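Right, I'll just put the structure down here and ask away after.
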Amino acid sequence: METFSHLESEVRSYCRSWPTVFDKARGSRVHDESGRPYLDFFAGAGSLNYGHNNPVLKSALVDYLVNDSIVHSLDAYTVAKRDFLKTFGEVVLEPRGLDYKVQFPGPAGNNAVEAALKLARKYTGRETVISFTNGFHGMTLGALAVTGNSMKRGGAGVPLGHTATMPFDNYMDGQTPDFLWLRSLLEDSGSGLDKPAAVIVETVQGEGGINVASAGWLRGLSALCREYGILLIVDDIQMGCGRTGPFFSFESAGITPDIVTLSKSVSGYGLPMALTLFRRELDVWEPGEHNGTFRGFNPAFVTGTATLDAYWRDEVFEKETLAKGALIGERLDAIAADHADTGAHTRGRGMARGIAFPEEGVAKAVCAAAFERGLLMETSGPEDEVAKLLPALTTTVDELEEGLEILADSVRAVVRVPQPA
Amino acid sequence: METFSHLESEVRSYCRSWPTVFDKARGSRVHDESGRPYLDFFAGAGSLNYGHNNPVLKSALVDYLVNDSIVHSLDAYTVAKRDFLKTFGEVVLEPRGLDYKVQFPGPAGNNAVEAALKLARKYTGRETVISFTNGFHGMTLGALAVTGNSMKRGGAGVPLGHTATMPFDNYMDGQTPDFLWLRSLLEDSGSGLDKPAAVIVETVQGEGGINVASAGWLRGLSALCREYGILLIVDDIQMGCGRTGPFFSFESAGITPDIVTLSKSVSGYGLPMALTLFRRELDVWEPGEHNGTFRGFNPAFVTGTATLDAYWRDEVFEKETLAKGALIGERLDAIAADHADTGAHTRGRGMARGIAFPEEGVAKAVCAAAFERGLLMETSGPEDEVAKLLPALTTTVDELEEGLEILADSVRAVVRVPQPA
Amino acid sequence: METFSHLESEVRSYCRSWPTVFDKARGSRVHDESGRPYLDFFAGAGSLNYGHNNPVLKSALVDYLVNDSIVHSLDAYTVAKRDFLKTFGEVVLEPRGLDYKVQFPGPAGNNAVEAALKLARKYTGRETVISFTNGFHGMTLGALAVTGNSMKRGGAGVPLGHTATMPFDNYMDGQTPDFLWLRSLLEDSGSGLDKPAAVIVETVQGEGGINVASAGWLRGLSALCREYGILLIVDDIQMGCGRTGPFFSFESAGITPDIVTLSKSVSGYGLPMALTLFRRELDVWEPGEHNGTFRGFNPAFVTGTATLDAYWRDEVFEKETLAKGALIGERLDAIAADHADTGAHTRGRGMARGIAFPEEGVAKAVCAAAFERGLLMETSGPEDEVAKLLPALTTTVDELEEGLEILADSVRAVVRVPQPA
Amino acid sequence: METFSHLESEVRSYCRSWPTVFDKARGSRVHDESGRPYLDFFAGAGSLNYGHNNPVLKSALVDYLVNDSIVHSLDAYTVAKRDFLKTFGEVVLEPRGLDYKVQFPGPAGNNAVEAALKLARKYTGRETVISFTNGFHGMTLGALAVTGNSMKRGGAGVPLGHTATMPFDNYMDGQTPDFLWLRSLLEDSGSGLDKPAAVIVETVQGEGGINVASAGWLRGLSALCREYGILLIVDDIQMGCGRTGPFFSFESAGITPDIVTLSKSVSGYGLPMALTLFRRELDVWEPGEHNGTFRGFNPAFVTGTATLDAYWRDEVFEKETLAKGALIGERLDAIAADHADTGAHTRGRGMARGIAFPEEGVAKAVCAAAFERGLLMETSGPEDEVAKLLPALTTTVDELEEGLEILADSVRAVVRVPQPA
């Protein structure tokens, strides 16, 4: 541990909640160096939807490496990239009627977001991008400007601009009609809102507290964008790749974004990879206008292709995810009901779930208690008020039951159950 | 090819210079899917300093994967990360007397730059960062603001600010004393330059045209920064990890930057990884103030550790690089001399070299001719006027001779040699 | 006229509604060069609250000039400035319990606004200023950033930032609770709204369409600002100096702003002058930190002092204004009622009044018809949908009756009265 | 005095150098309330080129007011405005072959600058404006961004952007070729300087320290602007209206700016007034796109017209100014020569002159000594190192001699003359 405290910056964070040194991992189990196993309900913040070191992907990856296939290729053409593009077209885009072009904007989600924002501004010739309360899109300066968290924004060291924040679904009193404020601003030439290039939205805000946008709200947003000629960017970095059931989280709302960002589980094995997808006519990039070193990391193409072949050629996986998500939801509801006096309540969709505890520090304490009991979870939300569950989609029902039992126990340990008088 | 043109964004670029589909790679050789070999003198724009699929690194990597060691771990503690930090401390930092903290800012070089800029601004409470003509630091909004290239800047879609551009070494007429302008601005409270947080500089501008800063100029810059309380950031993403001989490119100048960025060859195998290093007292980050998904990509730690163990525990590698660099330099000088009438001249340091052709289009044509002859090279500089060589540092002398001969032939093919009357 | 079209920029605007050349003026009457009289219900957009060439002020002004008293004095001390300050303290500040310091920020309202914004940002160390939909604060870059009108904002030629727009009173559906949105943003550390330095508000938006903030809304805003440590700036440039009855328009709401801007009628004679007032403890300016050439225009101090002596030493003037305002309101209500089928409705407070016509072009046509009939009026609102009345406060009841009759006639001429079938 | 310290903001500045209360003024003499006369060599920082309360202008002004001519008229057409425009066209524009349109941008110089910047950005569709070291253009946010002084810039409270600072004439070592740096940046697509909309320059920097741009430098700048399609804005607010001899200060260089700003002495009587002039084809303003309350202050038009009729219909005034300027220059040279050991040296052109004392505090002490001796002067330059003379152009030779004698005496009193050993 001393190595870390001596050499690694104070910026490190997850390690503070999980004070051990991890070593091995497979599926939903992680082992620390002492051999102690943990059930992982965080899954790399949604980067490990197919589990740690998924054997199907591993086999493809190791084969690729062993054969001296090309690993790093900038944005040159490679066999692995072609296979990925082809499979992505066949398995993901075509069946959904999405006539998208694919950009490899860099290895991280923030690269996908930065490229999306740049393209939207270039295409429209406008500058303002609308983001939503508690949205999270990344730490680079462009992405940070559409991120809500004040601590992270403060780290910029310069003012963040060219953006406007709007209420996410169900943000205020639950009574204000959707988009009343945004529509008023757009309709009024004296509102002070410069005409936006785009809106950027998550269908479920993962970092923001597992806030779920309803299908109706998403449809309303999509219609509003179309009405006013504003591009709709769905940031599906955390909620895409099946996290909510379907491949894209926006499918269930029946909308077609102009631009989509993907990362985290797109390679499926935790290998850095990101995509920016956009309607064909938006492809106004000049060659090389947005470049970068790690846009051709072929092992990620290989495992990404393998995820599509293994999980997305039929509807089985999606259905299982929905079923497991329902199971988690029910169990969380039961836990919340047991502690109704604390104001605990549940949130989520698919396998992105959370239980919110209004009292300060409770969610954090629950996660700490879970860690002691061998379950990895993290908080989210502006005040860390939500204990968040993002298990691998491949987690078995038994593992889910096991983890949820640990969670229930952890909550009980933290929140004293009121005794009958 | 149709797959690419149908599905991949027009932003793709290197593939336009190298119109083939690559498949295998080892050392300095790459093979396309037809089996045709190419000698690679571009090395992933400096990401493959140890060659493609270097067997020492490969062995460590495959072992790690096969054993189901943890691949993705956000910024949790892992055995692989501890090994990397420890080795980096022992092999790189301690021998050079560098009391740096290490930040894992994200997988890409731009993440390292964004983190460096944010930290410099936070630490100093100032906003302006000074960059240099033809500097290149990345495509995200913060990094782009310190990048000179107008086409890439134009892609931002919003004005880029909080920066000021200054002349790089030997920029103007070669007569103006170094830092005359910058020092004048800093000394004059009426100059209009707000007091800077930092300067960010490359010791050799790779994308900018293989422009080499002299040791004297770098020492002058370092002294100026200290005099005025400005932080010195060396962006060593392309020139670090031995590209110019020593591990850090600034070592030969005898300076100690306040902040250093590394990426590209830090993992050594083309795996996405980046580091931001800074003096211990600058570590004012709050936990989680700059975060991201792919900061704990363990395979990259493993290969990164392997590079340090294999190449940096003694001085052999550095000396070989300097010798090979001298060889390349001599051969390029000879080529330039053969075409002195074209104004051709050479640039570079260590194994970052280039030959500049003032006439428009010549460098591009030379690289195209080289590709036809089985040599991969690219241009750099604001007008693509430099044919740039960044061979793997592990390229053998025979391979260097072979490639330089192809280059000489390619130049001859493009530039008609003047005939005696 | 040719002189104007040949030599004056196309930016000229009021002259387009009033196509004649004015020559003489007294009280509420203006004469053009042919001798034709006009009743002026615009009063220099609120700059002539005491009428054109008010004889009391004129006498003081001419005496001052004839005696070779100093006219221009930068910000040196002068007798005229001391008299103004003393009188302003005695007549305006002390009786209202306002412990304000007075800044002479330059001759125009925008100077007062720019100084207010700079001071608020300097004092708080924060950057964001909240403005309201359809707010109007001036054309210089800082003031324009808090102005809503999109055409005027577009003239900036650069993005306008460091601001956030919020709904003015009764902006949306009339059902959303006041400040629900702003309070939500302030309470939520993940909202994306950086903590504001200040809000800037007009109690009645003159340019924005005679939108009246209720006393309750203003009190709510004031309380919210105090609760969150945000400075409250009331821009009283158009509505101050008695336009709504009391000297300051915010008096009736019982609030005490942190900063107040005044201009327009502060000199009372149409002489350029502006004031920025602020709580004593906010006076953190360095000497000369905000300067300018015309901050010591003594004739304006002289007429300004004369207005205070003549109109503000007792409550008569305020009461007369309220009575006249009520009269105007009643008559406008009657006109609107006569044309209820057009959706016409009235707005206003004190002697700032308007009648809104939802149908495009009607208000403009009404003003044109009034001009033909010898009455000067202008439109306001984002779509020029309001015929606006800002008569001099000294306008007699007979003149008011006369003008309102012309207005009624003009409306009838434009809006065909529906005939019984 | 207590009135001021109790009620006026600490931002007041000139009054600190001249601790008395002024009352009367005529020509170059000002009297304080005790009746003590002062010779005024500051002339309202160049606002009183025709002296205090010039009788010719006074007569026109008082006549205008006494006759109840219209005083305030927004931007409506008036007889007084037409007379001004016509006379300005006949006397100023036509004889100099300047096909300019005239904008009345507001009453203050900063309004003229803001309008110029907005128009240049709108016309070109670009954002960056180049300013020069020690330039001064005003305190509103747009004007401040092109102003060099760090204390004043700091007052903005937000970062100032969309600008780049370049070296003024003779800024550095006197050896660097003119425009070497700017031309390098413009020619190099990788320089990091976004293509500028405009440059804004003073021919003599008044606030910046009486720094004189040579005619050659100005011609070079004008040629560079034309070559690169950049608009040239000359800010002639302090140096125009005859301060350097000709009406416009740029006439002697033989250049024709695209945009010119005027204020200060344009009304001639210290009445707030400003003009933005521009080539006819640049007049792309929409009606009302830049507006404001005090753009139709008719008394200023009246005195402005009177200055043109009285002083600018022949060349007598210009020649007298040049002769007086030469006289001042000679006397200042002699004073500097007497104190050559202090490094004192002179600067200036026409009747804008200064004597610089390198040692800190000397210039300030000289001005204080002059005030004690009945002479009003001020310092300028980033470190207040220049004692600046801007006497009214109508100052008689006798008055000049008298004032210069006081100055010589003041310098002697401050700088102890070295005694022979």
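Should a chain be cited, it is by its letter among A, B, C and D, assigned in written order, with residues numbered from 1 in that chain.
Note that a residue touches a chain if its C-beta (ideal position, glycine included) is under 8 Å from a C-beta of that chain, and two chains touch if they have at least 3 such contacts.
Values in this document were obtained by computation on a predicted structure and should not be read as measured data.
Trainee: What pair in A-D, C-D or A-C shares over half of its contact pairs, by residue number, with B-D?
Mentor: A-C
Trainee: Which chain's C-alpha centroid is most distant from that of chain C?
Mentor: If we average the C-alpha coordinates per chain, B ends up farthest from chain C.
Trainee: Would you mind pulling out the distance in Å between where the CA atoms of chain A average out and where those of chain C do?
Mentor: Those two chain centres are 49 Å apart.
Trainee: Cα centroid separation between chain A and chain B, in whole Å?
Mentor: The separation of the two C-alpha centroids amounts to 31 Å.
Trainee: What whole-number Å value describes the gap between the mean CA coordinates of chain B and chain C?
Mentor: Centre-to-centre distance between chain B and chain C: 58 Å.
Trainee: Mind pulling the chain D residues that touch 2 or more other chains?
Mentor: Residues 127, 151, 158-159, 161-162 of chain D each touch two or more of the other chains.
Trainee: Enumerate the contact residues on chain C facing chain A in the complex.
Mentor: 127, 131-135, 146-151, 153, 159-165, 167, 171-173, 175-177, 180-181, 184-185, 188-195, 208-209, 381-383
Trainee: Given the complex with chain D, which residues does chain A contribute to the contact?
Mentor: It comes out as residues 158-159.
Trainee: For the complex, which residues does chain A have touching chain B?
Mentor: Chain A residues touching chain B: 1, 3-4, 6-16, 18-26, 30, 33, 42, 44-45, 47-48, 52-53, 58, 61-62, 65-79, 81-82, 85-86, 88-89, 101-104, 106-111, 114-115, 117-122, 127, 138-143, 145, 151-152, 154-158, 161-162, 197, 237, 263-264, 269-272, 276, 278, 283-294, 297, 299.
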